[in-house]
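Across the two complexes that follow, chain A remains constant while its partner is chain B and subsequently chain C.
Then we have the complex of A and B:
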């Protein structure tokens, strides 16, 4: 039995769980109002995902020959649903299955106090995981788009889970509306491709302009536009500048949802889309440059915003945006390398970072959830000294912080270093990448600083408020320990077997390079490169700075409140006023425009509709008079109708020359 | 052997008639009257299996041999399927509704007889056979709508229906006589060649126009075409609710089967004479139906007017007159049968649990019975033509046919039929959405209600079809396309 043929069952497991949780009578829901079904659904998908990943690691993929079913035939185009399992999809399956399952397990403790609403929570979370799987294994852009939108819907539902809170309701709306801007671009991109190719299957599109027999051709300017538009979808979904502001607000949802959104599902979908579109992207260096710049700028801006945030989840949110910026930057620069040098190192580095980030970010979020669960607040200024009470949480979170800060040998070090090396390498081709590399290095420094600022503020020192902390139940700490293990070890995938680089083949046949580097070569390359030590030194300096400022006593932080530093501090606290810009300027302009539309709608359109309906009602009234219930009247009306019709056909029609 | 040939082709009708004759007898044998419903389901379900196996699954072939009066082909098969589906839904919806009534055996018997008449119309190749079918179905439904003799409303509805129905039958018969007078034949396929040959050199055109108009009136009564629709709201309101469903979803479709046969086969030659009139009537019908539906406060009357509007949409087929349009019309007939009978079953369920038929009764229904509220929402949205439900798929094919036909083979004004259809759909959303608003946004009584299981089955069946056809329209479009190909005289019009 070929397991890959059955990969379409992966999303089916959580979907069945979703149906059961949503529809079964309450008394049959069992543990925690649906938790058991959730575990079963997520576990089934996890098991099957692992089988599929195993097959892919053995060198089997299922792409162009995958089974597909026809859904609709529109004109000459068959809308099909199929599966597409290559290394990239396997990587995402790994991430979604592990993080998804652990989040569901962890929810059993975290959501315990929610009571009745847990049913809605588990139903929505199972749907979320299911549609993310669906997105990952899609074999055409339309299918991907459908699941893409469903992912957006689920994130809306879950961010607004506590919809009674106005802030949660508005955060949910914000996430939905802002990502919608990207969705429209994505849709425009695929419509454009469809117009020129007449097909949306990856199997066909990835051959565009390849010169092979029967391969479709698209004019290069159109291809640039469409890839840039598709990348626009990633900007929205992956919270890239300037559409990044929804993600910090999305913290209003339960922390488990944040973990899922940040590590495995929603925001990773954008990066996945970019990587998935690689065969097209690498033909358009302009789009790649655009992506790289967006990624670099996002990484830096988000990192600076994290410096001054006091909400533990907001720090993590900005760090996610910043790390996603890294991935996009790596993909952009990597595409440039492929375009000019046939060198896939940027692509492998970015996808590697995607995997590592998923584990340590899920870990960090679940740790934060554990802290919030214990203290009952998100504000780090009210924490402090938690290490004494929460041994496991503080240790695992330290591991997560070390990983994201890029301290060897934890996972973040390897992938971040690879991304930065690829960007630096691309600097040979276009000097702008050197600038982006500087942004990346600066980001690395800031990342180390703010992560340890967060850790010291939370766990070290003395308690700054009156809380009654306790370690979380085992159901929550076990996932933390598993994820901490992954955060330590997942970086070694670079050396396992033939190495991660050999595994992550580029999805473009012509570009597959013969003779990969051996694992040893990779290690030697990393440790002989002086750039490695630059980023490492900056990370250590960042950590030490945080140690000095937030751990050792006697540092007067009030210097930041005065003068230029104070201005900067306030700018950071206000997230560079970008959110304010949206609220004050964009929203006002838009609101003004909306008012005009509203007036037009009320006066003109409603006026017309009201006039029409008034007319309709009066005509209806007249006709209703005929509807008297009097049979004789009915019969005479029939005769009248016949007479009028006859007169019309005999005299009017011939005369009118129809 | 000739007799055997007749019997073989009429087998479905014979099965229905045998069961119709047995049912009143069974009435005396069983105390639990639900058995009667079960027994009347037997022929309906088995014939559906027969037809689905033939039309969709290709498991077996039906004898499509033609005898003098009837022909079994994909077109008649599709219509038969619609009638049987509606029959199943109606029978499933009935036991709860008529629980306390007497003479239930006759009730089911009449339903089977009405369906028999309808299938004869769908299969007829001769005007006489067609007329006989119309009468069988008509007389059975007169009796059915007056089933509750003691109820004033029901009796009044039946009387009106009978008088106007008799009148319309006379008009139809008169038209048939005129056609026979001109063409010298009652065979539908035989009319056109004779007309083409211009018999006896007389100017038959005024006579033919008179015949067309009389047919429009006589059959327009069946499909509730404005201005021959007056009876419909009164009768739908007065008749037992499942029977309203039968009239709206099946009897009306029989009228279309007859109209398609006579106008698109027999009278196709004189299309230029009648197409403008029917186009105008189509637009008037859909507009009037929707306009009056807006102001209704009784759900059954609202659905009745909405049925009139839907008939207006389907009428587009006649002036457009391509196979593509016919396929669209057939698909809409099919989907409308599910949406409308489903909606009527929800109303029947509301009646069975004593909520009544006023629109106000729907207030807060989502809290009282999420199932009824959700299914009703689906039916209404489908009727309005919202994707991805069945009503969208069929309206899409139907309206697009007039757009394509306006380019080829013309005339170009056909496009206005699509415009009118789309505008009317938008208008209709107003009163459909109002019901949804009542169900979900307004507060009503808090007591939860329990839907009788058998009605749940009927509603579920309809909702599965509405969603299923909406999501996977292809096999149904294909079946309608095959059915439309039976009308070989029409231009294809397929894009």
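Then we have the complex of A and C:
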């Protein structure tokens, strides 16, 4: 039996769980109002995903010849749904299945106090997991777009889970509307491709301009535009600058949702889309450069915002944006390397970082959830001294922080280093990548600093407010321990078997590549490269700086309140005023424009419509007098008409010669 | 044999009388009677043309189509009178008048 043929069943398990939780009578829901169904659905998908991943690791993929089902027939074009299981999809399946299942398990503890609303929570979470799997295994852009919108819907529903809070309701709306800007670009991109190719299947599109027999061709400027637009979808979904401000606001949702949707899976969809579009992107260096610049700028801006955030979840949210920026930067620079040197190291590095980041960021978010569960606030200024009370949480969060800071041998070190190395090598091709590399290095330093600032503020020192902290129940700590284990070990995937790079480059290999290096070469390359030691040194300096400023006594932080430093501090606390700019733009400029449009609509358009109806009514008022109700007058008019007609036939027609 | 023109003049006069009655009389019964006169003008025409047709084509014998139509027309006129009188009766019950100038609610 070929397991890959049944990969379409993966989203079905969580979907059945969603249907059961949403529709079954309340008394049948069992533990925690549907938690049991959630575990079963997520677990079933996890098991099948692992079988599929195992097959892919054995070198089997299911791409062009996958089974398809016809969904719609429009004219001569059949819209089909199918599955596309390659190494990249397997990687995302791994992330979604592990993090999804662990988050559902963890929710059993975290959402325990929510009562009746847990049912809605579990239903929405299961729907999200289901459509996320659907997005990952989609085999054409239309199918991907449908699931893309559905994950956006689930994100909206779950950010607004506590919709009674006005801030949560508005954050949900904001997330939905801002990501919609990207979605429109994505849609425009695929419409453009469809116009020129007449098909949206990856199997057809990835052969574009390949020169193979029967391969469609697209003019290069159109291809650049469409790939840039598709990347625009990634800007929205992966919260890249300038559409990144929705993600920190999205922290209004439950922490489990932040961990699953806004750190590990949905926001990765943008990166996944970019990586998925690689066979097209590597033909358009302009789009790749655009992506790389967006990624580098995002990484730096988000990291600076994280320096001054006091909300533990917002620190993590900015950190997520920053790391997503890394992945996009890696993909952009990596595409340049593929385009010019047939070297896939940027692509493998970015996808590797995608996997590692999913594990350690989910870990960090779930740790933050555990802390919030214990303390009852998000504000790190009110925490402190939690290490004594929460041994497991503080240890696992330390592991997560070390991983993201890039301390070997934890996972973040390997992948971040690979990304930075790829960007540096792309600098040989275009000096702008050297600038982006500097941004990346600065981001690495700041990442180490703000992560440890967060850890010290939360766990070290003395309690700064009155709370009775306690370690979270085992149902929450066990997922933390599993994720901590993954945060430590997932980096070694680089060396397992033939090595991660050899595994990941396979799907693009057939298009552009030839040959690859062995796992041993990779290790040697990492440890002989001076850049490795530069980024490592910066990470250590960042950690020590945080230690000095937030752990050791006697550091006067009031210097940040004065002079230039004070201005900078306020700018950071206000997120570089980007959010304020959007608010001002919406409230003043756009509102003013809307008022003009409103006046135009009322005066001119409504005026024209009302004018015409008034004209019609006036004419009708005059000629309706003919309708007198007097039968004899009607008869007279009929006879008059007959006489005129007869006179016409008798005199005018013969005279005119007709 | 009386020439066809005479019949046509007679029927035209009868039609003019009927039209005048329909257009001017206020009493709905008289209007109905005027309509009957117009119908009979048409019947005269039918019979006259029928006879004229036979005289033009003596070899075909007597053609009775026009006369048969006249009979149909008379029968229909009888039915029409019955319906018309029934309507007038209903109108009278409703408004206590059959003055057509007063029965004018179906208007603007």
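As a convention for this text, the second predicted complex is superposed on the first by the 583 of 658 C-alpha atoms of A that agree within 3 Å, B and C clash if a C-alpha of one lies under 4 Å from a C-alpha of the other, contacts with A are read in each partner's own complex, and residues count from 1 in each chain.
Criterion: a residue touches a chain if its C-beta (ideal position, glycine included) is under 8 Å from a C-beta of that chain, and two chains touch if they have at least 3 such contacts.
On a predicted model such as this, the values are computed, not experimentally measured, just so you know.
Colleague: Between chain B (first) and chain C (second), which, if any, makes contact with A:653: first, second, both or neither?
Modeller: Touch status of A:653: first partner only.
Colleague: Just checking: does A:636 make contact with chain B only, chain C only, both, or neither of them? Give me first, second, both or neither.
Modeller: So A:636 only meets chain C here.
Colleague: Could you say whether A:113 touches chain B, chain C, both of them, or neither, answering first, second, both or neither?
Modeller: A:113 contacts neither chain B nor chain C.
Colleague: Going by the contact rule set out at the top, does A:622 touch chain B (first), chain C (second), both, or neither?
Modeller: In the superposed model, A:622 contacts neither chain B nor chain C.
Colleague: Is it chain B or chain C that touches the larger share of residues in chain A?
Modeller: Answer, by number of touched residues of chain A: B.
Colleague: With both complexes superposed on chain A, which partner does A:645 reach: first (chain B), second (chain C), both or neither?
Modeller: Touch status of A:645: first partner only.
Colleague: Mind working out whether A:72 is in touch with chain B, chain C, both or neither, as first, second, both or neither?
Modeller: Touch partner of A:72: chain B, not chain C.
Colleague: Can you pull the chain A residues that chain B and chain C both touch?
Modeller: After superposing on chain A, chain A residues 624, 627, 629, 631, 635 contact both chain B and chain C.
Colleague: In the complex, go through chain C and note every residue touching chain A.
Modeller: Residue positions touching the partner: 19, 22-24, 31, 100-101, 103-108.
Colleague: Any idea which chain A residues touch chain C in the complex?
Modeller: Touch list, chain A to chain C: 624-625, 627-632, 635-636, 639.
Colleague: Please give the residue numbers of chain B that touch chain A in the complex, ascending.
Modeller: Residues 159-160, 163-164, 167-168, 171, 206, 209-210, 212-214, 216-217, 221, 227-228, 230-231, 233-234, 272-274, 276-277, 280-281, 288, 291-292, 294-295, 411, 427, 430, 471-474, 495 of chain B touch chain A in their complex.
Colleague: Provide the residue numbers of chain A that touch chain B in the complex, in ascending order.
Modeller: Within the complex, chain A contacts chain B at residues 70-73, 75, 613, 616-617, 619-621, 623-624, 626-627, 629, 631, 633-635, 637-638, 640-642, 645-646, 648-650, 653, 658.
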